[in-house]
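Two complexes are shown next, each including subunit A; its partner changes from subunit B in the first to subunit C in the second.
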Partner chain A sequence: MWQSATVRTSLGFIALAIVCAFFADFQISTHDPWQELGRLMMGLVIPDFLAVDFLGEALLRTLAFAFVGVGLGAFVGLLLALAFHSTWVRTGCAFVRAIHELFWALIFLQFFGLHPLTGVLAIAIPYAGIFAKVYAEIFDETDPQPSRVLPQGSGRAAGLAFTRLSQAWPHLVNYTSYRLECGLRSSAVLGFVGMPTLGYYLESAFAQGLYGSVGALLILFYVLIATLRLWVRPRLLPFYLLAAPFLLGSGLPIVWSNVSRFFTQDIVPAPLRNGEGIGGFGAWLLDLLATQALPGIWNTLLLTQIALVITGALAMVLFPLISRHFTGRVGGTLGHITLVVMRSTPEYLLAFILLQLWGPSMLPAVVALALHNGGIIAHLLGQRSNQLTLRQDAPHGLDRYVYEVTPRVYGPFLALLFYRWEIIMRETAILGILGIATLGFYVDSAIQEIRFDRALVLILITALLNIGVDVLARRLRARLRLRHNVNCEP
Partner chain B sequence: MIRGLMLALAVLLAPSLASAETFVFTAIPDEDETRLQQRFQKVADYLSEELEVDVHFVPVKSYAAAVTAFRNNQVQLAWFGGFSGVQAREHVPGSRALAQGVEDAEFVTYFIAHESTGLKAGEGFSDAMRGMTFTFGSKGSTSGRLMPEYYLREHFGEPPEDTFSRVGFSGNHSRTASLVASGAYQLGALNYTVWENEVAAGNIDTDQVTVVWETPQYPDYQWTIRGDVDERFGDGFADRVQQALLDMNDPELLASFPRSGFIPASNEDYAVIREVGQELGLLD
Partner chain C sequence: MNALALRDAVAEYGTIRVLGPLSLTLAIGEHVALVGKSGAGKSTLLSVMFDHWRDRHPALMPQDLGLVPTLSVFHNVYMGGLSRRRGWYNLVTLVRPFGRDVRVILPLLERLDIADKCWTPVGELSGGERQRVAAARAIHQGGDLLLADEPVSALDGPLAEQLMTALTTAYPTAVLAMHDVELALRFTDRVVGIADGCIALDEPSHRLTAQDLLPLY
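Moving on, here comes the complex of A and B:
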């Protein structure tokens, strides 16, 4: 068993996380965390739907931003997917999706300001990068045979539509509808930086300890996600897409001169802007790297590695909740609800809540990341295990878990976990905005100081870090020969 | 779907003609954000009546967002803190401070401590504070970040991160008060008017938290207006706005700041804040 590369890799990751834990800060610093938690629970039990008079508007805006953002992202992503063989397109897509929606929002806020376009592009751009990649993978898996038998002179578009597109269609629809759910989460979270979505009101309500309103907002959000399948129907979709742009609200008018100012002044490093030359720029960059980027990278890596391993552990513990080999009908339904709640709560929101309850340390961040991502992987793993057929005389209980099911799902488990690695890191960076000293903390500081040159360098570093982890994860998957199926991709 | 998207773009990019002649203002979200809209809607109504133009209030989520909106000419007037006002005027040539609250000419920051620290009311900075946890307010706040950091550095001779075991940014003053009251942080620094307001409103248990030190006085909050409003809204518009602000004497309006009245202010009044900002490396 110890000779297995899979086991060695797993143990390596666990050892690394334990080492990281020694450097991390896990203190609970609130005086009475349980009392706060109790108040939050009371808020969920007795939500105050009347306190939030803007509830309807928050809900409408959350939906509108998600539909327009995801719609635009899917459309552009589809076009890019057709050109995905080009290195430029691939690199460009990898780059735009390495930058989190919230960072995109912070960038657009600088020149579009509080205009709906800020929120729409913040979702559409990274989503286009993700759609392009996944759509391209789906196309690659289609059977090339039909296109070879097309008569000479068939138009390219028609050829595409009747061969690859028609085969891939169910998978495309499947993935796009999954992404819409992600889009709703992103849209809600954009409220934290000022878009008029659920997050906006949630943050204000939390800040004032209005747990009744918090409960109402959270419950609405869960209902929205849980009922997604009931109201998002293929036939209704065009109607939603047409209506959504009109429901974004008006915001403040865009002043176009701000856009050129942003690109020609704001993001030019201060020493260059002030004519201090390359020498001044070098000193500026070095200072930025030493005092902000390095500590930020260090904390981002620490937190990512710890969160990754705890995510994995949690997923392995939780997947039996929805696996037919371990649960009955009632237990399975309860398990399902548990996992749905876990994965539909955005990490950012969860970290924000836990931070209020436990005080600032890496603990809320790790728990938030592990709960959300663990929930997703456990869900997919549970589904995977349900495809297994065990022998009639297979053992039951713990023996079944250890000797029958786990060995069979461990490969897919690692593949999923490595896939989430980059996502966990992207989230880790963004959690810095909440006050944990990862890269996002320094990005936020630079923006608060209206120093966009610095913020952009730090965002670029974050993107490179994410791309690096993505490449590493792909190599590991290849080395361990972990097959990765896009259709079960979260 | 494509048609829908095109339409979406068209709607998004269409300039909102209706708002062309609307005078828009904002305020830094320094305390209870849920009340911002209510607090400032009345002010918007008042200004609208005095100035005879449409006046709109737009709430924002952070100090930087207020500065950015002002810089981007999406708002023309703002109720800034001392430092955010300096940042805004640095970035918008020609803009000027119009008025400050009566209290703002001699503003102070309170350093507060949780009862469990054993620190006594009014005992000042001491080495006993070393190793404790400490929270500022917003990163861009004058009374919650700039001035307290300045005095901490002056007393301890090192950055606050070296003095305290943990340094946080609560986001706003009321949150600082509640975080220290709950013991999440042992120490905190905040705007004294917010503190006294919260105490008067009974939101804070003064058995749990006490004021251990107050800073010397410095100038803080002010109304700042863009230099190009006269071109857009007519000659003398900025002066009329200033007069309207100075004339504001309805206690209900003033309570939302909370200030007892407004007095004239100028950019020079804030030179000291600018220097401190530069000294702390927050301004280039």
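Moving on, here comes the complex of A and C:
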């Protein structure tokens, strides 16, 4: 089995993660971490639903921002997808989606302030980039034959609607509804930077030690996501989309002078602003790279590689929970609930909670990333394994896991993991805002010091890093899939 | 061991009955060929037999072979013996096979002319090679009873005969679904013809000619 390329690649990643672990900083620094965890668990067991008005508002705002942001993103993304063959559109989309929602929010906060537009754009812009890419891929997979046989003079729009769009429709709806779930998570997390969504209330409940309210907020959020399919119906969707913009809250008014100042002064690198010329700019940039960007990149890479491998291990351990080859009906239901909770909790929120419990180090970040992403991959892998038909005399238990199922799902597993690589790195960078020294930490510090020029350069570096990992992951996938096609497909 | 018997066996897909009711008794030491046109119910009958006689641990060779494409030929054959070993032994074998297993499996592969592919992933083999791997797995499993569905459909000439010999000598009792009537008559003692999910013919092979089986198709 050692000659297989997939196995060798996996071992390489594991070895790299072990090396990274030697350089990483893992510790629990709080006085009594388990007592805190116990109090949080009690909060989940005995939630306090009595703070009704603020719970209601938290959920309503979370929903409103998600619907407006995802709706806008999907609309713009659809238009961009139609022009996706242009290099400019492709590059632009890759760039906007390489910047995390929270970074977008931090940027918009500087000039729109706490206006709802900040939250809406923070979701809509990166989502438009993602939608454009995925919609374009879906269009590419439709059968081109129907549009070739259309009568001449059918018109571009009608041709598109009758051929590509109608073929792609179910896939578009499917993907968009999945993204709505992601949008709800993004919207909740925007509360941590001041938007009036779930994260905002969660942070203040934590600060006041109100674990009952924390429990209530989390449980309501899980219920909201778990029941998504029940209340998001195609017929109700227009109603939600129309109502959502009016439910964003008023926030604070936009001060337009801030907007112009931001673009003409704040983001202009300090040496250029002060007339120190190109030489001064070079020194400034070099200093920024050496003292902030490099340590930030180093820590981001360390954390990403460790989290990636633990995510993968967790997913491989957990997917049997929902696989019909291993569990019965009751076990399967419990497994589903476990995985729903794991993947519905945004990494940022999990990391925030664990940081409160364990104190600052890389440990909360790694655990949060692994739990969330491991839950997602385990879910997808479990579904994939359910499509397998095993022979009637297939072995049971460990033998079945090791010989029958794992070798068959390992290729798809690696593809999924590499796909999440970039997402894990994007999240790792953002977790810096919580105080772990990844790139987000330096971005956040620069903003606190009102040095937006530095913040912007660091955000650009983060985006380039993400694009780099995405390219690398795609290369690896392509290389392994070549082998994969030869070996794995019957 | 007693004779193997099916009594009023039926099989249904949803509400549609695809097999039976039919009754059939196999004598120990008998090699039986199931013949009939495709869709007649041969595969379903084999699957019903497997469920019925599960406690006798029959070796199964399904039509789609049930091999794991990412694992090597050795490991796929070894899987026939998974239940004979402990969990940790199987885990170690996955990473590094034990010499004693290699010494058993390699000669078997040599007999079937695929020893050179021992460490190749099954996904890289041709259809005929895969079929021989599946047969090797069934032979490695061992036992008294073999249930094989079209075991030589992807082979022809001497290779098909070689494999039929290997399977019938490895198992004293066997039920083989066959579409090659000549081979069926030569390698089995008894022919059961299936048509529309029921037994349309049941005769000792030596009393039949290929001509007699034509009405089944």
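The rule is simple: the second predicted complex is superposed on the first by the 478 of 490 C-alpha atoms of A that agree within 3 Å, B and C clash if a C-alpha of one lies under 4 Å from a C-alpha of the other, contacts with A are read in each partner's own complex, and residues count from 1 in each chain.
Note that a contact is a pair of C-beta atoms (placed from the backbone, for glycine too) under 8 Å apart; a residue touches a chain by one contact, two chains touch by 3 or more.
Bear in mind the structure is a predicted one, so any value in this text is a computation, not a measurement.
Colleague: Given the alignment on subunit A, is it a clash or a fit between subunit B and subunit C?
Modeller: fit
Colleague: If you stack the two complexes on chain A, which partner ends up touching A:402: first (subunit B), second (subunit C), both, or neither?
Modeller: second
Colleague: Between subunit B (first) and subunit C (second), which, if any, makes contact with A:71: first, second, both or neither?
Modeller: It touches subunit B, and subunit C stays clear.
Colleague: According to the stated criteria, A:57 is in contact with first (subunit B), second (subunit C), both, or neither; which is it?
Modeller: Neither: A:57 stays clear of subunit B and subunit C.
Colleague: If we overlay the two complexes on their shared chain A, which of subunit B and subunit C does A:140 touch? Say first, second, both or neither.
Modeller: neither
Colleague: Check whether A:244 is in contact with subunit B, with subunit C, with both or with neither, and answer first, second, both or neither.
Modeller: A:244 sits against subunit B, while subunit C stays out of touch.
Colleague: When both complexes are superposed, which of subunit B and subunit C contacts more residues belonging to subunit A?
Modeller: Of subunit B and subunit C, B contacts more residues of subunit A.
Colleague: Quick one: is A:48 in contact with subunit B, with subunit C, with both, or with neither? Answer first, second, both or neither.
Modeller: Neither subunit B nor subunit C is touched by A:48.
Colleague: Touching A:4, do we find subunit B (first), subunit C (second), both, or neither?
Modeller: A:4: touches subunit C, not subunit B.
Colleague: For A:276, is the partner it touches subunit B (first), subunit C (second), both, or none of the two (neither)?
Modeller: neither
Colleague: Considering only C-alpha atoms, give the closest distance between subunit B and subunit C in the superposition, rounded to the nearest Å.
Modeller: In the combined three-chain model, subunit B comes within 42 Å of subunit C at the C-alpha level.
Colleague: Looking at the complex, which residues from subunit A come into contact with subunit C?
Modeller: 1, 3-4, 6, 390-395, 397-399, 402-404, 407-408, 410-411, 486-490
Colleague: Of all residues in subunit C, which touch subunit A in the complex?
Modeller: Subunit C reaches subunit A through residues 47, 50-51, 58-60, 62, 64, 66, 68-72, 75, 79, 82-83, 87, 90-91, 94-95, 119, 121, 123-124.
Colleague: Taking the touch rule as given, give the residues of subunit A at its contact with subunit B in the complex, in rising order.
Modeller: Touch list, subunit A to subunit B: 25, 29-32, 36, 68, 71-72, 75, 109-111, 113-117, 120, 192-194, 200-201, 203-205, 207-210, 213, 238, 241-242, 244-246, 248, 250, 252-255, 258, 270, 274, 359-361, 435, 444-445, 447-451.
Colleague: In their complex, what parts of subunit B are in touch with subunit A?
Modeller: 1-5, 7-8, 11-13, 15-16, 19-20, 24, 32-34, 58, 60-65, 67-69, 71-75, 87, 91, 114, 116, 133, 138-140, 166, 168-169, 171-172, 174-175, 178, 182-185, 282-284
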